[in-house]
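Each of the next two complexes has chain A plus one more chain, namely chain B in the first and chain C in the second.
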Partner chain A sequence: MRLGGVPSRKTRVLALRYLGAAALTLFFLFPVYWLFMISFKTPDEIYHVPPLWVPSHIQFSNYYVLFKDGDVWAIANSMIVAGVSSFFAIILGTLCAYSLARFNTGGDNLAMWIISQRMIPPIAVVFPIFLVYVYFGLVDGFFGLVLLYTAFNLPYVIWMMRGYIVDVPLELEESALVDGLSRWDVIWKVVFPMVRPGLVATSVFTFVFAWNDFIFALVLTRTEVITFPVQLTHYFGGQSNFWAKIAAMSVLGTLPIFVAVTMMQRYLVRGISLGAVKG
Partner chain B sequence: MTISAALDGSKRSRSGRFGRMVEDRLPYLIVAPAILILLLVGLFPLIYSLIVSFQHITMTDNDTSFVGFMNYAELFKDARLWASLGHTAIITAIALPLELLIGFLMAQLFIERMPGRQLFVALLVLPTVISPIVAGATWRLMFDVRFGPIGEILSFFAGEPVRILWTVNPYFVYPAIIICEVWQWSPFMFLLLLAALSNVDQSQLEAAELDGASYFRVLRAIVLPAIAPVIAVACLIRGLDLVRIFDIIWALTEGGPGSMTETISLYTYVQGFSQFETSYTAAIAFLVIALLTVITTLVLKRMELAR
Partner chain C sequence: MADVKLSGLHKYYGNVHAVRGIDLTIADGEFAVLVGPSGCGKSTLLRTIAGLEDPNEGTIAIGGEIVNDLRPRERNIAMVFQNYALYPYLTVYENIAFGLRARKRPDAEIRSRVGEAAEMLGIGNLLGRYPRQLSGGQRQRVAIGRAIVRKAELFLFDEPLSNLDAQLRDEMRTEIKRLHHEITTTMIYVTHDQVEAMTLADRIVLLRDGKIEQQGAPLELFERPRTEFVARFLGSPSINLIPAKLVAAERRVAAIFDGGGSITLPASKSAALDGAAGRAVLLGIRPQHFSRAGGGPLRDGFVSYSTVADLIQPTGTRTFITIKIGGVDAIAELQAHDVESHGQKIELAIDLNRAVLIDPGTGSVIA
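Take a look at the complex of A and B:
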């Protein structure tokens, strides 16, 4: 410690780091701030030259319009599609992961094949899927989208849950088996509770992936089951008088994700690195 | 666990031939539904489109006779296809190193403890979890020539009005796309690298510091080798994502001006869903799969290394 007005080197470094942190936060959050602010502005304020940094007051008419015009159905559709498909992907994927982790079913080849399904670019599979869906009349329906997102998320769930299940001590399961529980009961009553945090985190990320997807939804929806990213692109093009809707819809589609991910902060690193980095 | 549940379990596990049979085959029974769905949605359409790629189906022509490798031969003569692969390569080659560098610098800044660090990290990762189509839309509003703040900020620093048509001007479309891409995904690199850096052996760092080693020496000799596996995984995950980039460009430029920013994913989409070149699109899809299989194999090898 030093007396007098000259700050120590340590203090100066810390001050510089805060300065850097503040600058980074400004750069990475300003667009988000801008989006939220537009959603609160009146049309006059949105199309003001030069742009206004803050709206004169917070008002929700842009959101009200979304409800009045029925555009929020896109959010509801996204909820249903992402929710239901995540549910199925989690149940089926975790069971599959248990088998891979504990019985080494199919050896390394099956596990590799499953994760390679995740790596295939959506555009390369969406076209074949579209052809098949047209043939079976699955385009623009809930069933088709749910089936697709379930399949799309299964490799992720299997891969992640395999990692979490491997971390569960084998002795726990063995003693449960010795106590006379069937393997099926062991899965539900011993393993599931043990991996619950990982399971919740994986569910959240699965939901986010399905929620954020654009390309599958773009190809496989028409008018009935439009998800929110597709609805958003309907406002583009031509006149710019849809800015209010773009901003309000974006906020509605982004806020739930922010909340969910912030709650899952601890699992974020493992979740987005496909389990390769255990944060 | 309740006693009744345990009793129930023990009864079932020893009950009857059927119970035994299910128990013995359980590993396969519980794998089956997932694999079935993957085959149904993943493999079946691929096989179907492989067949289609050897036919000549277009919007007007529903002829299902086989034409051999005609569609694949066509690929080599398609200038727009190769241009789109070039655009994809340019975006990947610029955005990926930038994201890695920015992510690394951010991680360096936050590696030492400081009050409020958790909050900063939580805020900085938000762009990464936004839907890419929303990210694109947001930057489209930001870049707008009349009502967007970017022009205003640039004008302030330039001291004179700056009017740039970011999403239309040929000189600025690529920077616009890359700024948006880097904005969204640098935090991804940041998170992974921050985790990797926190796992670097502290005793080695302290020993090096005692020996008076310079910052860059420590970086090269200790830090980089320690975080290399994570860098590899992060780059390969992001690399794969960049090669199939679609949403951000769709929202920002829709491939324009002309087809200047058309990536391979956009081109495939245009061929399949606005030109309705069914068989040809199937062939493109297989070209993309073939190209990515190479990268994927690399990814998986790396991931196994890092586990």
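Take a look at the complex of A and C:
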């Protein structure tokens, strides 16, 4: 029963929930907001006490410096390394996954063994890999990083894509085989379109892994192929930190991921939930 | 157009011997139905003909050519699957055109053939839709359209109607039969539904445990089964089997039921049972071979039987009643209004000319 203007218990609980959700959202979004704001502030405003919530006017000089000094090449390097390695990991991984899913390659345990490779802590292997890379002259080049990220992402791609492929009704493939397609055509024209949401979701994750990797990039590059996370660390000095550069670079480094996730959100949600049950 | 010849075909899955030495010839233009219970190997056999499974032994010839080493796409067959196997990301038009595109046919030809097939199946207005926007029956039509558009030498159907509800199934069954009349291509059709088998087939191939139990025209299998399995599998409701012992009775043979009572077999059966006195049998009488006795003299081979109607199951056209014969529950199929109430006494005529006698030990029909 409702009395006068007193909201019902249900309404009050709902209001509390929204309030809680709003508070949490603010809490988590604040650092992102702060990052963006710093990137638009002048040095005076950055160190202003009390802190300024909004800069007096939006100015892009922090970004301009990054472009002028050529620091943004790090972003381009990251794009190339993450993009190319994701592409190869997805193509190779999906083919491997198809083989595991449809021909039961390696019996029941190979898939598990493959994913276990992904669980190795990078720090445990980075120095042996460094020595090997030095021996083969792969240090500080695109090829070395692309090779490494492809190798590191493969198990993940195989594991994820295997789950998606198993879900594709076998009859679709058989029907295509009878209709006149070769096995390769079937993979290209039937399996790929069917697993597209999974493919997109997996690609985003592999891209993000390569994009965010710090430890390998730090050890395996020197001056030529510096990636975005490594470049960022150059702004942390013993004496002082270049907050303006850190913020502007971080924003630039976040944008590609932000764009990718936004554009592919439709697939991502479906892709993630598709793979959720099957493993 | 092509005939199909299977010789000594075997297929193993690990330790499971799914197909055990099948020899089968299907004539050009014939509609053959592979039927049998789950796990009898009928789908495996069909998939082997399609090239989706490799046989471990034996040969498959289509149109006189041995195709064992040919891939599915090289066999010039078309196949309709149980789950329709439509590509959800393609329109109906593209689904039907899929096989033609795979074979790189020119666009103009694709357009005319897809149009023709859609016309034949009455789905011309659905070509722009996606499979998810179709009902089950429409999807199955599209799947059939995709097969016929190819003008293949051989059509394979793997339980195409089992996902449809009863009414749609009847409708599609008729359409498939009509389709066969129109395009007269050799068709092999797998089903576990004996009604589908009976109504569609020129020839039924009844499989059991990976072997052919019996093959022939539908009515031949229905009326002259060679084994208990065939007798039981075909016919709905199922044949009544009553355990009995044969005894000699004045130049005739009589069956004394284990559960009490007896019946004298007609001359047509007695001749084949010479010297069979003392033998245990199952007397098989189909529900359709009962009728209400009219009071007049019975025809030769018919016997009268007084009983009480227990359960009554009217279907509208016919009525099934449960009665006791030789202590066993049996079903008799009568006309709709032959029996009105439970417990009613009734005089039945049984056509024993069409009864079968089965050796319970071997399961084979002896007369």
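Here is the rule we go by: the second predicted complex is superposed on the first by the 254 of 279 C-alpha atoms of A that agree within 3 Å, B and C clash if a C-alpha of one lies under 4 Å from a C-alpha of the other, contacts with A are read in each partner's own complex, and residues count from 1 in each chain.
Heads up, the rule we're going with is that contacts are C-beta pairs under 8 Å (C-beta built on N, C-alpha and C of every residue); 3 or more make two chains touch, one makes a residue touch a chain.
A quick note: this is a predicted structure, and the numbers were derived from the prediction, not measured.
Visitor: Applying the document's definition of touch, where does A:S182 land relative to chain B and chain C: first, second, both, or neither?
Guide: Both partners.
Visitor: So, does A:Y64 touch the first partner chain B, the second partner chain C, both, or neither?
Guide: Touch partners of A:Y64: none, neither chain B nor chain C.
Visitor: For A:E171, is the partner it touches chain B (first), chain C (second), both, or none of the two (neither)?
Guide: The answer is second: A:E171 touches chain C but not chain B.
Visitor: Now for A:F143: first (chain B), second (chain C), both, or neither, which partner does it touch?
Guide: Neither partner.
Visitor: For chain A, which side has the bigger count of touched residues, chain B or chain C?
Guide: The partner that reaches more residues of chain A in the superposed model: B.
Visitor: Which holds for A:M194: it touches chain B only (first), chain C only (second), both, or neither?
Guide: The second partner, chain C, only.
Visitor: Once chain A of both complexes is superposed, is A:L154 in touch with chain B (first), chain C (second), both, or neither?
Guide: After superposing on A, A:L154 lies in contact with chain B but is clear of chain C.
Visitor: In the superposed arrangement, which partner chain does A:I38 touch: chain B (first), chain C (second), both, or neither?
Guide: first
Visitor: For chain A, which residues belong to both interfaces, chain B and chain C?
Guide: Shared contact residues on chain A (touching chain B in one complex, chain C in the other): 179-182, 185.
Visitor: Going by the contact rule set out above, which residues of chain C touch chain A in the complex?
Guide: Residue list for chain C touching chain A: 50-52, 71-73, 75, 77-79, 81-83, 85, 87-89, 98-99, 102-103, 146, 150, 156.
Visitor: What residues of chain A sit close enough to touch chain C in their complex?
Guide: Listed in rising order, the residues of chain A that touch chain C are 169, 171-172, 174-182, 185, 190, 193-194, 196.
Visitor: Chain B touches which residues of chain A in the complex?
Guide: 14, 17-18, 20-21, 24-25, 27-32, 34-35, 38, 46-51, 53, 92-93, 95-96, 98-100, 102-103, 105-106, 110, 112, 114-117, 119-125, 127-132, 147-148, 150-152, 154-155, 158, 179-185, 187, 189, 208, 211-212, 214-215, 219, 228-229, 232-233, 236, 240, 243, 246-247, 250, 253-254, 257-258, 261-262, 265, 268-269, 272-279
Visitor: Once bound in the complex, which stretches of chain B touch chain A?
Guide: 1, 5-6, 8-10, 12-14, 19, 22-23, 26-28, 30-31, 33-35, 37-38, 40-42, 44-46, 48-49, 52, 106, 109-110, 112, 114, 116, 118, 120-135, 137-142, 144, 146-149, 152, 183, 186-188, 191-192, 194-196, 230, 233-234, 237, 240, 243-244, 246-247, 250-251, 264-265, 268-269, 272-273, 278, 281-282, 285-286, 288-289, 292, 295-296, 299-300, 303, 306-307
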